Each structure stands twice: as structure tokens, then as C-alpha cells.
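What follows is a pair of complexes built around chain A, which joins chain B in one and chain C in the other.
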Partner chain A sequence: MKTGIVVFPGTWSDRDCAYALHDVLGEPVRYVGHRERDLGDLDLVILPGGFSYGDYLRCGAIARFTPVMEAVARFAQDGGLVLGICNGFQVLQEARLLPGALLRNASCEFRCEWVSLRVEQTWSAFTQGMRPGQVLSLPISHGEGNFYADPATLELLQANDRIVFRYATPQGQVAPQANPNGSTAGIAGICNARGNVLGLMPHPERACEALLGGSDGLVLFRAAVMALQAAAV
Partner chain B sequence: MYQADVIVTLKPVVNDPQGSTIKSALHALGFAAVEDVRAGKLLRLTLDTDDRAEAAAMTESMARQLLANSVIEDFKISLVALEAPARSRRA
Partner chain C sequence: MPLASARDLREVSLTEAEYRRIVELLEREPNDLELGIFGALWSEHCGYKTSKRLLAALPSGGRAVLQGPGENAGAVDIGNGLAAVFKIESHNHPSAIEPYQGAATGVGGILRDVFTMGARPIAILDSLRFGPLGVPHNRYLFQGVVAGIGGYGNCFGCPTVGGEISFDEGYSDNPIVNAMCVGIVPHGRLRRARAEQAGDIVLLVGAATGRDGIHGATFASVEMDSTSAARRPAVQVGNPFLEKLLCEACLQLNELDDVVAIQDLGAAGLTSAASELAHRGGRGVEIDVAVVSRRERGMSAYEVMLSESQERMLVVVRPGGEARARAIFDAFELHADRIGTITPQQRLRVREGRALRADLQLRALIDAVPLRTPAAMAPVRRAVEVALPLDDPEDALLAMLRRPNLRSRRPVYRTYDHQVQNNTVLGPGGDAALLRVAGTSSGLALTTDGNPWYTSLDPYAGTQAAVAEAARNIVCTGARPLAVTNCLNFGNPERPQVFWQLRESVRGLADACRAFGLPVVSGNVSLYNETSGRNIPPTPVIGMIGLLEDLDRRCPSGFQEDGDVICLLGETREELAGSEYARLQGAPLQGLPPRVDLDAERRLQGALLEVIHEGSVRSAHDLAEGGLLVGLAEAALFGRHGVRCPALTGQVSAAALAFGESQGRVLVSAAPRRVPDVQKVMAAAGVPVHALGVVGGDELQVGPAVRVRLDRLREAWECAWDTP
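Let's turn to the complex of A and B:
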């Protein structure tokens, strides 16, 4: 799986993503600069976490207009796999590749902690091989991860099974006390209609080996590998 | 030249935790009459045009494309003519 990791000015999780994919999983990776217009033969594009353009104006608002995002939009349109993590999720929403928006956390606090996520669907490219209801333990690190969508959009996401992850208790119960940021319906991650574009606030790349506190993040990357193999058959 | 002020606020239906926190602080200071606070941002643009209609149209376009996110935000524009004439790029 050839992975491109997009680097905007202010991106900070690019090397963590490269570590998880290359050093841990042995997959080839390359960095993609924000001015690049050609994604070449990539299979997966990751928009990593960080503070692209200093979060000026709105998180992701400036990054959305970079040349590389035009290429990412075409890549997604052609069925390429796109994973937006944290700030990358915000960029995907600003680019209208995913619906809704991420507001300031309800607590107004920056939250940096491990959370439990319930897997809500297993048909998307990033949840292949998972079990519905499976609980993953991943870290979050954000001040603006409070998922918002208008009621019609929420209904559409629900009806089309596009809510991929919800914040839950370690036992898998979606509950207010397990929701770290006030997200509507406990939503932590959603995908597009085709299932090839996923955005989520938690950081799978920071949960890629026991030394870091867990390796549940690897299941997302492995799912992407499976999805590509399935598509190639 | 025109000065365009673009005020961007969260839509009324969108929860504003920043505004709520500011309201609590104002209550703590004794301003009990404060019913609601909505936080927003002001973007002040200086435009090189003397044509009010053109200034209005370009500001509206900028607000729609970049300055506000229509999923969660509303915007209001106000225009003020500035004293200095525009540097004409078309001359």
C-alpha cells in the first residue's frame, strides 16, 4: 500500500503517521508537500493532525485551498483512499469532502487523553475486518473536535451507515460521560457515501505499539490494506 | 477605497461554548442582566476600489468562499468609504 502523507505548514503528526505505516507495518510511505499537484501512484493519502496554517480563521480553512487539496479531491473522486486525522478531518470538512463541522470542545478545554471508540459499521475501507460493536482504545488530542451537523445531515449519515466511530465507555456504551468534546450523538468519525474517505478525531498513528500504550490504531491501517487487496482482486 | 467589516458568528442553532463561558464570567463579575453572549470574529478588509457595488460583491464572494463556513456560521458585511482614493490599477 503506497501511502502519501500530506504536510501543510503547521502539520505535526506527519512523522508519527510515517512511523506507524513504515516502521511498524513496513509499508512504503512518502511525504506530499502542500504545493504538489500530482499524487502519482498512491493508494492511500493521509491528512495528518496538527495546526495547518496555525488554525487561522478556522481549523482547516486555509489548507483547504492548497494545490494538494485539489489533487486529493480528484483522488477521492477516483476512489482513492483518504484518511483525515484530527486536523485532517477538519480539512476534509472544509473541503466539503465530508459533511458537518468540528466546533470548539463543549468544555472549552483542550483534551489530550485515551478514549474508547465503538465501531459502528464495517463496510468502509478503514473498518474492513472489524466487528460491529468492537471497542478500540485510541488517544485524542484536540481543542476543536465537537462534531456538528444539521439534523438533515445527521439523518443522512445515520440512514446510510456512515457514522464509523462513536465515543463510548470501555464496555462499548455510548454515554455522555464517555464523550470528551460534546460531539453530537457521540460521533468521533464519519465516512463519505462510497466509504473511501474517512475523517476521525482520535489518532490511530499514536496507538501503533504497546510501548505507546496500545496498538489498536493499526487495525485502521490494516483495514485499508485489506480494502485495497479486495479491490485488486 | 472601501473598508469592509465582515462579522462572522455561529448560527443561532449552533452551540457556542465560548460565549457561554464568557457569560458565566460576566455573571461572576456581577453583571446579572447578561442574558446571552455569542462570540464571533471581525475581519476588517481594506479594498482598493471606489465602487461600492463592486466592494459589496467581492466581500460577499470572499465571505462565502473563505471567511465564513456556511455549515456553522453566518456573516454580516458593512462598508465604509475611506478618504484616500483607490490606486487605480486600471489606469
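Let's turn to the complex of A and C:
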């Protein structure tokens, strides 16, 4: 699986994503600059976490105008796998590749901690091989991760089974006390209609080894590998 | 009578005697700009005029030292051809006036100190002191500082992994905000900020220059009063996004051989950065302020030279290398002005277009700083026995866990990104943070320590205690202490009692570091922490790093397995003076602080490292503020395992046994069959071992008097910050 990791000015989890995919999983990766227009033969494009353009104006609002985002939109249109993590999720929304918005956390504070996610569907490219209801433990690190969508959009997401992860208790109960940021319906991640574009607030790239507290993030990256293999067959 | 009026001198915080010395050195009157430059470089902040003689006593050499004091930051060898670059710095005065920006730019400044040395910043720690949170203004300062640290560090992408917070009346209106940064660089890429070749080009890179922060250095070197809020323009505003770009550009520049020096612009801005850079290399520098990009119209040469606008750095390149350097700036969309050249004469020459605005010998500016040794006076102290009652140990424990000085710091550190960069093995909340050194199997343990109550009672012993505790924290993770950085926060040194505190504290620091064989490789002094005549408690803060060669040998601080035996290492004495329990009881701050026995500390720490590395213990937790019962509760809460102990027994009072703060003590847990190994190693080192009880259950049970479920303990410990 050839992975491109997009680097906007102010991105910082580019190196962590490269660590997870290359150093831990042994997959080839390359960095993609924000001015690049050609994604070449990539299989997966990651929009990593960070503060692209300092989050000035609005998270992701400036990054979406960079040349690379035109290429990412075409790539997604052609069925390429796109994963937006944290700030990358915000960029995907600003670029209209995913619906909804991410508001300021209900606590009005930044939150960095481990959360539990319940897997809500297993048909998208990033949940292949997972079990419905499976609980993943991943860290979050954001000030604006409070998912919001208008009722019609929410209904559409639900009807089309596009809610991929919800915040839950370690036992898998979606409950207010397990919701770290006030997200509507506990939504932590959603995908597009084809299931090849995923945006999520938690950081799977930070959960790749027991030494750092857990390795559930690998489940997600391995799912992408499986999806590509399945597509190639 | 000199040209400068008393008002002019006050403006630049120089005395009349210092002015006369300047005239003597120059053999003429300085003009306004020159006077401002002298004021900045002869300030306490830049010139260390009160502390320089004292600091000379600190040990700064050693096998591991790659760079001692005098550069942007210190550096030590950490194996695998890598160096750890680190320093701690204060931003107290700006934070008192504008807490968010004051703290944010404190973090920004220390990050720049590290990445201008060529190192990638891997961790931030913050040592904070505030007045009691019951006072609304203190709450405003606390919330602003915490938000500022998070706001800057989170955006920049460097994890905030540790630090401390304490509260005392003595910090009302004058908070302490010390930020430490640690970075890593291969030895061969460690960069020093010295310009050694005339003709080299000086580039000013990063933010445009504005009027913010003019006189920041002198502001940090005078006491504050009710008019200080009017100095708000002297507080800089941070831009962590720009800093991130500067950092990445700087690390790429560091790969170019044409780039000969990189220097952060901090206190006293361009004046200090250009002078230091040239002076260290034995050269001079000529600058044209007319080409400096500005944020505002109508700025004078004086304002450009003394602006402390953030996120700027000087880069010195060989004449043939400018294009290559500019290609890197362009890639990061950074602006660079070619503002001058390195000259053979050791002078700072400032031009504005064709006009020469200042022409000063660097030796006069930097080496001739008139040192001061103010009068010192020891206070009258009496050895007072502090005896305190302990009626209900369980109630007292819950009350102690709720104390703002002891309660869980999670509400603070969860607002800091402490994981980015994927190296945080032990994050905030425990004894010391432990970070993997990327690409190796080794780890760096990091901590900051300082106890203002001990140093108030005895600055010499209190500072030694801080060094000993920092080392103990490091050792508890399994790492070996390696080197020290320090931030000396004191009141107005012109007050004899304050200067005495500073002198005693530095003496304690020097003696303790010698005893542990630890070099002090960097540091910072913040004096004049005096507000409306009130001086802060003496506040030396020790930053320490340690090395763990094999991360598999790390040790957690919480209890791990049911059935493990809990042992107390070290001796408990009748020591309640300066303790948190004394404050809970409303006792006045008096008596002598806990005794520091450096020899016993060394033996304890050596033996503890041995049992950790042998795998004989499963957890180790330093006993500090709050004493034994609080330590037991913390280790139970960290590890989510209960404790069953018979009643505590010893030769001291019940209060001292439960909550006394005797130094040199560590709580360990070990599998029953490994206990003899622990006892053997400790006996050989002469360290007392007391088996206290066993790990197990979901309660903390100590004798008949204490029996609390862990969830109740946690509820008390994790109470909200605004709980009184």
C-alpha cells in the first residue's frame, strides 16, 4: 500500500503517521507537499493532524484552498482511499469531501486523553475486518472536535450507514459521560457514500505499540491494506 | 552632570553610577539609542549583574557535557551519537500582566532556544506557582497561564509532558511561570550561535518587527507595582504557527554547511542577539535597521533594536550560501531580510541607511557589565518544634488529597497535548515523564522540582532538597540522572534578606549537584519578583534529565499486582515543618525544613536503580509533599490497585508518620519472592526497609483507622480546580 502523507504548513502528525505506517507496519510512505498537484500512484492519502495555517480563521478553512486539495478531491473521486485525522477531518469538511462541521469542544477546552470508540459499521474501506460493536481505544487531542450536522444530514448519514465510530464507554455503551467533546450522537468518525473517504477526530497513528499505551490504531491501518488487497483481486 | 536625566535612566533601568561608567568606557556621552542598548544588555535579565558571581560556583563540566552555560541552551551526550539539548527559562513578569500571552511566549522562547541549537524539540515541562485560587485574580492568572501554555505548545506540536503547580499566598499578583524544553540532535549537528568570520551575512528571519515588548528585558529586571498593568505593551504576542515554520526551516538550515550560526531573538531582541552572536565568535556586527521589515510605520532605530517581537531569529550564512538558505525560507513561506554583516572590529554598529546611529564596543556592552554584590542579611531563625495533632487519619487523608497542592493535575494536563511525536512512554501525572529517544531503545526521564516552603524556611537546605527530589523522581522511573538546568526566581536582590536567599540557594544548588555528580548546563535567573513591596518566596526550580539505556527496564509509579509487598525505603523523622499537613492544620510556616542527607540520598538512589534494573521491584514512587499516606493513596490510584496495611508504626508522632515529609524516601512494591533481593541490596547500601503491607482489593486500608474505597479516594483527589 503506497501512502502519501500530506503536509500543510502547521501540520504536525505527518511524522507520527509515517512512523505508524512505515516504521511499525513496514508500508512505503512519502510526504506530499501542500503545493503538489500530482499524487502519482498512491493508494492511500492521509491528511494528518496538526494546526494547518495555525487554525487561523477556522480549522481547515485555509488548507482547503491549497493546490494539493484539488488533487485529493480528484483522487477521492477516482476511488482512492483518503483518511483525514483530526485537523485532516476538519480539512475534509471544509473541502466538502465530508459533511458536517466540527465545533469547539463543549467543555471549551482542549482535550488530550484516551477514549473508547465503538465500531458502527464494517463496510467502509477503513473498517474491513472489524466487528460491529468492537471497541477501540485511541487518543484524542483537539479543541474543536464537537461534530455537528443538521438533522437532514444526520438522517442521511444514519440511513446510509456512514457513521463509522462513536465515542463509547470501554464496555461499548454510547453515553454522554463517554463523549469527550459534545459531538452530536457521539459521532467520532464518518465516511463518504462510497466508503473510501474517512474522517475521524481520534489519532490512530498514536496507538501503534504497547509501549505508548495501546495498538488499536493498527486495526484501522490494516483495514485499509485489506481493502486495497480486496480491490486488487 | 551627564546629559541623561534621571528620567532617561529610569526608562532604561540604569543607575547614575552605571551611566558614569558607560561614559568612561565610551569616552563620550552615549546617544539615546546607545543608552537603550546599554540598558538592555546591562539589565539583570541579559547581564546577570547580581547573579553572575554566584553562578560561577555551579559545577558545569563533566564527561557527558557537550555544551555548558553560555549558549542558547546546554547539551549533554545521551548515547547513540545523540545529544539532549535543554534549558529552563522564566516568563514571570509578562505572565503577571497578561497571563495567556506571557505564558505562551515563554513556551515560544524556550522552544527557539532549543531548535536554534539544531535540535528538534521533543518535550516541554512547566513549573508554575500561583496565589490561592479563592482569589479571583489568581484564578484569572492560573487559567490564562494554563491556556497559554496549551495554546502555544499544542499548536506547535511539541508535547507538554510534565512540570509542577503549587499555590501559596506569597505568589498572589506575582505568579511564577518557568518553561523547560528538551530537544534532540546528532552530536555532529549541534549548532553554536557564534559568528567567527568577517564578511558573513546576517539574515533576520521570521516575523516582522513591531513595537511589542520594547524594554521587556528591563521590565523583567524591576519590581512591579500598581502601574505595571500600564506596561502591557511590553508583553509580546505569540504566533505558534509561525514558530512551527521557523523550527522546520531551522532544522533544514542546520543541514547546510554554509549556515554558520543561528540565534534566537529573545530578551532585548536584535540588540542582544546580534551582540551575543558576534561577541562569542570574537567578531563584530554591523546592522542597517532601515532594511528590517516592520509591522508598524514610523518606528525609530531605537524601537527596532529593542523590540521583542516574537518568532524571529538571526541566521548567519557564508556569502555564497545565501541563495541556498533563501530556498529553504521560501519553501516555508518565511520572510528573510539581509540586515547586516559580520565585521572584523569587535563593535556593534547600527546604521539607519547611511546614518550611523550607534557605534559601541562589544566588550563594553557584554564583558563590562558592572557586577553588583548587594548586602546580604540572614533572617533570625529559631528551631521551633512543630507538633501537630492527628485525630482522624481517614478524614485527614481525604482532606489532603483535595488540597490544591496535592490534588490530581489531570484537569490541567489533559488540556496539553502530551503525546504528539509518538514518544511519550510515561506522561504527566507520575514522578517523572519518560520519553523514548526516537530510533533507539533508550529513554529520557524529565522532571522539574522545587518546594517554596522548604526554601522559605532554609534556602540552602530547600534547594538541596529540590535537587535530591528531582533526582529521586528520575531514578523512580529507572533512569540515571544526567544533568541539570535551573531557574532562580527570587524577589528584589537589593533587599538584604532576598540577596541572602539567592546566595544560600545557589550554594545549596552547587553543593547538591556536586554531591550527585550532576553538571548544571543551562539556566536562567528571574529577580525583582516583588510586587508593591512584597517579595515572592525564594523559588529555585530544578529541571533535570536522566537517561534510561533500555526502556524495557522502566518502572511505573503505581501498584501493579495483587499480592505484591509494599516497602518503604528510607527513614521517617519527626519532620512536619513546611509540610502540606502543617498548612492543612493552619500552622504558621516555621521551624526547619526536612533534613537533606545527600550521602543517604545517593545510597538510596543507587540501590533503587539496582533493584529496578534487576527487575526486583514492580513499582517505585517518590514520597514528597503529603508524606506516606498520600504517597500510598497516589500509588494505589495510579495503578488502580488497593492496599492493605496494618497500622503504621514508628518512633515518631502519628502525624509525622502519616503526613511528615522526611526526604530520601521511596515507596516500592515487589513480588513476595523478590522482597529478599530488595532487602539485600538496601542493606548493603545502608538504606532502611520497612515492609508496610500488600497490594490488593479495591480499598486503601491502613490499620483500623483508614479504610476508604478507591473510587472515594479518586473522587477526592480528582476534585475540580475550583473546589476550595
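The rule is short, and it goes like this: the second predicted complex is superposed on the first by the 233 of 233 C-alpha atoms of A that agree within 3 Å, B and C clash if a C-alpha of one lies under 4 Å from a C-alpha of the other, contacts with A are read in each partner's own complex, and residues count from 1 in each chain.
By definition in this document, contacts are C-beta pairs under 8 Å (C-beta built on N, C-alpha and C of every residue); 3 or more make two chains touch, one makes a residue touch a chain.
As the structure is a computational prediction, the values presented were derived from the model and not from experiment.
S.K.: Check whether chain B or chain C contacts more residues of chain A in the superposed model.
M.R.: When the residues of chain A touched by each partner are counted, C comes out ahead.
S.K.: Contacts for A:A106 in the overlay, against chain B (first) and chain C (second): which applies, first, second, both or neither?
M.R.: After superposition on chain A, A:A106 lies in contact with chain B alone.
S.K.: Quick one: is A:R206 in contact with chain B, with chain C, with both, or with neither? Answer first, second, both or neither.
M.R.: Once the two structures are laid over each other on A, A:R206 reaches chain C alone.
S.K.: Quick one: classify A:R118 as touching chain B (first), chain C (second), both or neither.
M.R.: It touches nothing on chain B or chain C.
S.K.: A:R162 in the overlay: touching chain B, chain C, both, or neither? Say first, second, both or neither.
M.R.: In the superposition, A:R162 contacts neither chain B nor chain C.
S.K.: Provide the residue numbers of chain B that touch chain A in the complex, in ascending order.
M.R.: For chain B paired with chain A, touching residues are 10, 13-15, 17-18, 21, 66-67, 69, 71-72.
S.K.: Could you please specify the touching residues of chain A with respect to chain B in the complex?
M.R.: Going through chain A, the ones touching chain B are 57-58, 61, 65, 93-94, 99-101, 103-108, 146, 148-150, 182.
S.K.: Along chain A, where are the residues that touch chain C in the complex?
M.R.: Touch list, chain A to chain C: 9-10, 12-13, 15-16, 19-20, 49-51, 53-56, 109-113, 139, 141, 143, 203, 205-206, 208, 211-212.
S.K.: Report the residues of chain C in contact with chain A in the complex, numbered from low to high.
M.R.: Its residues touching chain A are 150, 154-157, 239-242, 244-245, 332-333, 413-425, 436, 551.
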